[in-house]
Amino acid sequence: MPETIIEKIEVKRLQILYENGNVDESLMPDLSDNDLKKMFELFILARQFDQRALKLHAEGRLGTYASILGQEASQIGSAYTLEKSDRVFPSFREMGVYITLGYPIWMLFQYWTGDERGMRTPDDLNIFPVSVPVGTHTPHAVGAAFAAKIKGHKTATAAYFGDGGSSKGDFHEGLNIAGVYKLPVIFICQNNQWAISLPREKQTAAKTIAQKAFGYGFEGIQVDGNDIFAVYKATKDALAKARAGSGPTLIECFTYRMADHTTADDASRYRSKEDVEKWKARDPLLRLKLYMERKGLWTQQYEDEVKKRVTDFVDSEIKKHEAAAMPEQKDILNFTYKELTQRQKKELETL
Amino acid sequence: MARINMVQAINLALRQEMEKDRDVVLIGEDVGRDGGVFRITEGLVEKFPDRIFDTPLAESGIAGVAVGMAAYGLKPVAEIQFMGFIYACVEQIFSHASRIRSRSRGRYTCPLVIRTPYGLGIKPPELHSESTEALFCHMPGIKVVVPSSPYNAKGLLISAIRDPDPVVFLEPTRLYRLIKEEVPETEYAIPLEKARIVQEGKDITVIAWGSMLHRVLESIEGFDAEVIDLMTLSPYDEETILNSVKKTGRVVIVHEATRNCGFGAELSAFIAEEAMLHLKSPIVRVTGLDAVIPMARLEDYYAPAKEKIVKALKKVMEY
Amino acid sequence: MARINMVQAINLALRQEMEKDRDVVLIGEDVGRDGGVFRITEGLVEKFPDRIFDTPLAESGIAGVAVGMAAYGLKPVAEIQFMGFIYACVEQIFSHASRIRSRSRGRYTCPLVIRTPYGLGIKPPELHSESTEALFCHMPGIKVVVPSSPYNAKGLLISAIRDPDPVVFLEPTRLYRLIKEEVPETEYAIPLEKARIVQEGKDITVIAWGSMLHRVLESIEGFDAEVIDLMTLSPYDEETILNSVKKTGRVVIVHEATRNCGFGAELSAFIAEEAMLHLKSPIVRVTGLDAVIPMARLEDYYAPAKEKIVKALKKVMEY
Amino acid sequence: MPETIIEKIEVKRLQILYENGNVDESLMPDLSDNDLKKMFELFILARQFDQRALKLHAEGRLGTYASILGQEASQIGSAYTLEKSDRVFPSFREMGVYITLGYPIWMLFQYWTGDERGMRTPDDLNIFPVSVPVGTHTPHAVGAAFAAKIKGHKTATAAYFGDGGSSKGDFHEGLNIAGVYKLPVIFICQNNQWAISLPREKQTAAKTIAQKAFGYGFEGIQVDGNDIFAVYKATKDALAKARAGSGPTLIECFTYRMADHTTADDASRYRSKEDVEKWKARDPLLRLKLYMERKGLWTQQYEDEVKKRVTDFVDSEIKKHEAAAMPEQKDILNFTYKELTQRQKKELETL
C-alpha cells in the first residue's frame, strides 16, 4: 500500500429554515411558541439597538460603532442556547449576543460612548468584555473551559469571532490546545464574508472556515448563519457535546455584513451594491417572520406592538445612559492594579 | 509645491519611492482597494497593482512575510493598522528583523519599514491609541522614527525606506489631518539619527516628538525655550541634544506614553550622565499617567495637557 | 531549614502554594513529566497530576489560556521556557492580561504569574539569554519581579502567586544553581514593591537586581557602598531608593540589559527628578552594550564586567 | 438538501522504500546510480558530523547541540531536490539539510560553538541562518516566495520545522498567507514524534500534521520520513508544483528523533527505551543500504572506504574550525546596524 489514504474528512453544512419560511421538519429543533416569540422580539430589540446606535453616532452622541445588521440570526440563535453560567467571550461585533443574554442596554450605549463602565458585566452574567484585537480572545475561552474542567464544573464556554479572526495565530494556538485537552468550548465564527475590505476568498484559500477545525482534531460545521434554527441547533448540539466531555466544536455561521464595517468605514469603496442587494433577500428576520406567520404567531399588529414596546424601552435606556454621571478621572488610575502604586498615589493628587 | 497634510505627504513618499525603486512593495490589511483605514495608501494599488498586497488578518504573518521579502531583496513597507496591534509582531521584530544582519554576519539584511498609526487623539475604541515607542527603542537593531509634520513625514519615510536596516515608523494619528504644510513635489530625504531644532532659545531645552511637539509649541509662550523635535528616537541624536542642554542648562521632556520606562527616562538619564555640570535644575519629564490608556471619555486626561507642560517649564525656571 | 539553590527554592514555593490553594495550576512546555528544562517543576506532576499541564509549543496560546483560566478564578502559573520566547506572548500580556481589570472595571481580574528563565550565563544558543525586563515595566497593569537568591525567590514567588494582578517573574538562569542558601521550610511571603538593602553604606547607592546584584557585591570592596536589591521592578520602591540616595548622594545602577531604554534609565531619571539636590555626582548606568546579544563565544563581553562596575564606582567617588 | 457535505478531504501517505530494502517500482523516482551513491555518502557524512558534534560537546569543545540521528532521510532526501538558488529556511535541527546543500562543515562546527560567523552563508548558497524560535521562520519562507513571485523568478522556497513548530501561531499565519497568494513554497515538517518531552499525540489532536494544510486551501501529504525515496519524490513533486505556479504544499515526514532532544536533555526522563528500540528497525540508512546492495551499489568495502574518507574530511574540518581565529569583540557592535550609531562609536572605545 504505497500511496494510501490515511484520513478522510467531510465538512457538513446545516440548513433548516429556508428563505421562503419553510423548514426541514426532520431537523427542526424543539422550540416552543414562546421561544419563537422571544427570538422574534430579541431580533426587533437587536435591530432597534443597532439602528439607534448608528443614529446616535451620526448625531455625535456615540463613538465609532460596528453594526450587526444581517448577523442577528447568528448571534441570537447561538446565544439563545447558552446558560447564564456559561462563559462567553465576544469580539466587538456581538451586540446581539449581549442583548440575548440580557445585558443592560444602557450599558452597551455607555460602552460605545467610550466608557469602560459599560463593560462591567452585571454579577449574574458571565459575558466577558469586548475584545478589540481580533482573534486574540479565542485562547481566553479555551482557558476558561480548561478551568471549568479542572474545577469539575458543567460550565461551557463560547468564543465569538469573525472570518478575519480565523487567520490570527491565537486562533490556531487556542483551538489546537482545546483539541488536545478536549475542552468544553465552542468556537462560533460569524463568517460575514468581509474583514473590513478583505473578501472572504482572500482571507483564506480554504473552501470553508469550518474545515479548519479538522486540523485540530475536532469537528467543524458550516451553518446558514441567516437561519436562526440551524444556528440554534448547531450551537445546542455543540454545547451538549462540550458538557458531555466530548470536546470542542467550530461552528461557521455563513452570513453577511449588511452595513459598513463600522461608522468609520465606507464599504462602497470596495464592494458593489449588487453584492449587498443579493443578500437582502436572505434577510434572517424575514424568513423567521414567514415561518411564524404560517404558524399563526406573527401578525403585522403583533410586530407593530413589539416595535413600539422595544422603541420605548430603548428610548428609556438611552435616557438612562445619558443621565448617568461622567466617569471620574481618578478611575484611570484606580483600575490599573488592585491597589494604587507608590507613584500612582502621587499622581492621583495631580488630577 | 503644495500645501498638504500628513496623510497626503506619506502617500506621496510611498508613491515616489515606488516609482523610483521597483523593489519597494506594500503589504498590510486593507492597504489595497480600500486605501487603508486612514487612506494613506489611497490610489496606490491603481498605480502599482502588482506591488500592493492586502493580507489576511495576521499581524505576525505580515511582519514575518515582510522579513522574508526583505531578506530576498525587496524593500517591503508593511502597515500595521494601529499600533495596538503591533504587539502581535513583537516576536518577528525582536527575534528576527532586528537580528538577521547580526545572525548572518551581514550575509542577510532586513531593509524593512513597519508603518503604524500611533498615539491618542481620535477617540477610537480601546487599543487604538497606543504610544509604546520605548519598547522598540529598547531593541538594538531596530530604528524608530516619529514624524511631526507633513514635511518631515515625507522626508523621513523616504529615508526609512532607503535605510538598510529595519525601521519602525510611527505616525501620530492626531496629526494626520491636523496640519497642512508646504511639501515639495520633488523627493528629498531627511537623515535618520538627526534631531531638528524647531525653535532656538536659551533658557530651557524642551524635547518632544510627534504630536506632543505641537502641544509643546502651544505651551512655551513666555519662555525662552529651545525646542527639539527628536524625529529619530532610536538611535537618537546625542550631539544635538547635548549641545542644546549645554547652552540652556534646563530640560523638559514631554511625551504621551506612560511615565514608567518611557522614552523620556532614557533621554533624562543620558543627559544627566553627560551634562550634569551644566544643569541648573532637575530634568523634568511630563508624561502620560502610570495607568492603562483610558477609552474616549477619559482620554483627554491621560496625556500631558498644556497646563502640565507650562507647570514643568515654570518649575525648571524657578528652581 | 535546609541549604538549597534557587531551582529548589522555586520548586518549593510552587509545591507549597499548590498544597495550600487548589486554584493554583501550572501550564507550560515540558513542565510535567520532564520537570521543565531547568527542572524547576521536577516532581510536581507526580504530586498534583490534575493541576500541571504540558502544552503544545505555543507561547501566545499558553499566555492566552492562562488569562482565561485566571479570569475564571484559577491562579495559573505559566512557564515560558526562555525569556527569548516571551515575545510571542506580548500581545496577550499587553493587550489582555494587563487590562482586564481596567477593561471590566474590576469585574474580571487576572491573577496570573508568568515565570521565565532570563539573562545571560549559561552559554546557550541564540535567544536564550534575553533580559528585556524594561519592556514589561513599561506596561501599566503588569508587575515585574526579579529574585536574586534562593531565599527571596521563594518568598517573592509566593507573593506573586497570591497577588491579584498579573506578574512577570524573571528568574536569572545564571543564579539557578550558583548559590545555596538557608531557606525556611515554612511558607513566607516577601512583599512586592519593596526593595531590600543588602548592605548599608554611606558613600554610594548601588542599585541592581537578579544576577548583576552578585557582580555588584563582588565589585564594591574598598567602597562604602549601600547596595539595593530592587526585587520588584514594577512598581518599584521609590521610597527606599530615595532614602538611600539622600544619604549617599551618589548612584550607580547596574544591569545586564542593553543601555538604551533599559530599566536603569527609569531609575536614573526618577532619582534625578526627585533628589537632584542631594546628588554629588552624575548617576552612572553600567549596562549591556547597545547591540544584539551575542552568542556564547562573545557573551562575556556583553554584560557589565566587574572592571566596568569598579570603574563606575571610582568615577562617582572622584567626581 | 438540509445537511449536505460541502467539502471532502483525503490525506495521503506515501511510501516507496520498505524496511527490507524493497521499493515500489511504480512510484520509484528516477535516480541514477550516481545519485544513489551521493545520497549514501551524504548519509555517512551527516552521521559522522552528528557523532563528532556530540563527541566534541562531551569534551567541552562545542556548545549545546541538537542531534539529527534518525532524521537523515527526511533531510537529505528533501534537500537533494533543491536548487542552490532556492531559498531554504531551516530550524535548528537541520544539519543534514545544510550538509546536503554543500554548506562548509567547519562553519557548522563554528556555529555550534556559539559563533555567529558560522552562519554567514557562503555567497553561492541561499540557506538562511538557523532560526531558534520554533515555527517563527515559516513566514520568512512565505515572504521569500512572495518576493520571488513578484520578481518573476523561478526560485522556490522551503521551510523546515518540526511537529512542535506546527502549533505556533506563525505557522498558521504563514501557511494561510501562502495559500491565499498561491506562493511557490514548500513546508517540510519533520514529525519526529517529540517536541522535547511532548509526544506527538499531545502536540495536536489532529490525526496527521499533513491535514492541517487543507485548512489553508492547499495539499498536505504524509510520507514515511525514513524512506529517502518517498521524501525525495514528494519534495520534488511539490517543488515542480511550486515552480509551475500551482501553490504551496505541506509535506509531513513521519520520522523519529533517536537521540535526546539536545545535549542539554535527558530523554530517559520521559520516554521508554522500548519506544526508541522499535524505531531502530526502521533506520533510514539501513534500508537504503539494503536497496543499494541488491542493486550491486553497496559493499562493506565501499562503505568502509566512504567512512574513512568522510572521517578524514570531518577531522580536517574540525581542525580548520579550531584553528580559526576567535571572533572579535567589536563585532558585537559592528553587525547591529549597517553603520555604527553615535553611541556605539563611543562604546567601541570601551571594549
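Remarks
Order as written gives the chain letters A, B, C and D; numbering starts at 1 within each chain.
We take it that contacts are C-beta pairs under 8 Å (C-beta built on N, C-alpha and C of every residue); 3 or more make two chains touch, one makes a residue touch a chain.
Owing to the predicted nature of the structure, the values given are computational and were not obtained by experimental measurement.
Shared contact partners of chain A and chain D are B, C. Of the two chain pairs examined here, A-C and A-B, it is A-C that is joined by more C-beta pairs in contact. Centres computed as Cα averages put chain B at a distance of 40 Å from chain D. Between chain B and chain C, the centres computed from C-alpha atoms are 30 Å apart.
Look at where the CA atoms of chain A average out and do the same for chain B: the two points lie 36 Å apart.
Multi-chain contact residues of chain D (touching two or more other chains): 116, 132-133, 136, 167-170, 172-173, 176, 180, 202-204, 331, 335-336, 341, 343-344. Within chain B, residues 56, 58, 60-61, 84-85, 87-88, 91, 95, 102-103, 126-127, 140-141, 235, 260, 289-292 each touch two or more of the remaining chains.
Residues 84-85, 87-88, 90-91, 94-95, 98-99, 102-103, 126-127, 132, 134-135, 137-141, 234-235, 257-258, 260-266, 268-270, 272-274, 276, 279, 281-285, 289-292 of chain B are the ones that touch chain C when the two sit in their complex. The touching residues of chain D, counted against chain A in their complex, run 1-16, 24, 26-27, 167-173, 176, 179-180, 182, 202-208, 211-212, 214-218, 222, 247. Partner chain C is touched in their complex by these residues of chain A: 87, 89, 116-117, 119-121, 123, 128-129, 131-133, 136-148, 150-151, 157, 169-170, 172-174, 176-177, 180-181, 331, 335-338, 341-344. On the side of chain A, the complex with chain B involves touching residues 63-64, 92, 113-116, 130, 132-136, 164-165, 167-169, 195-198, 202-204, 264-265, 269-270, 326-327, 329, 331-333, 335-336, 341, 343-344, 347, 350-351.
For chain B in complex with chain A, the touching residues are 29-30, 32-35, 37, 54, 56-61, 84-85, 87-88, 123-128, 259-260, 289-292, 294-299, 301-302, 308.
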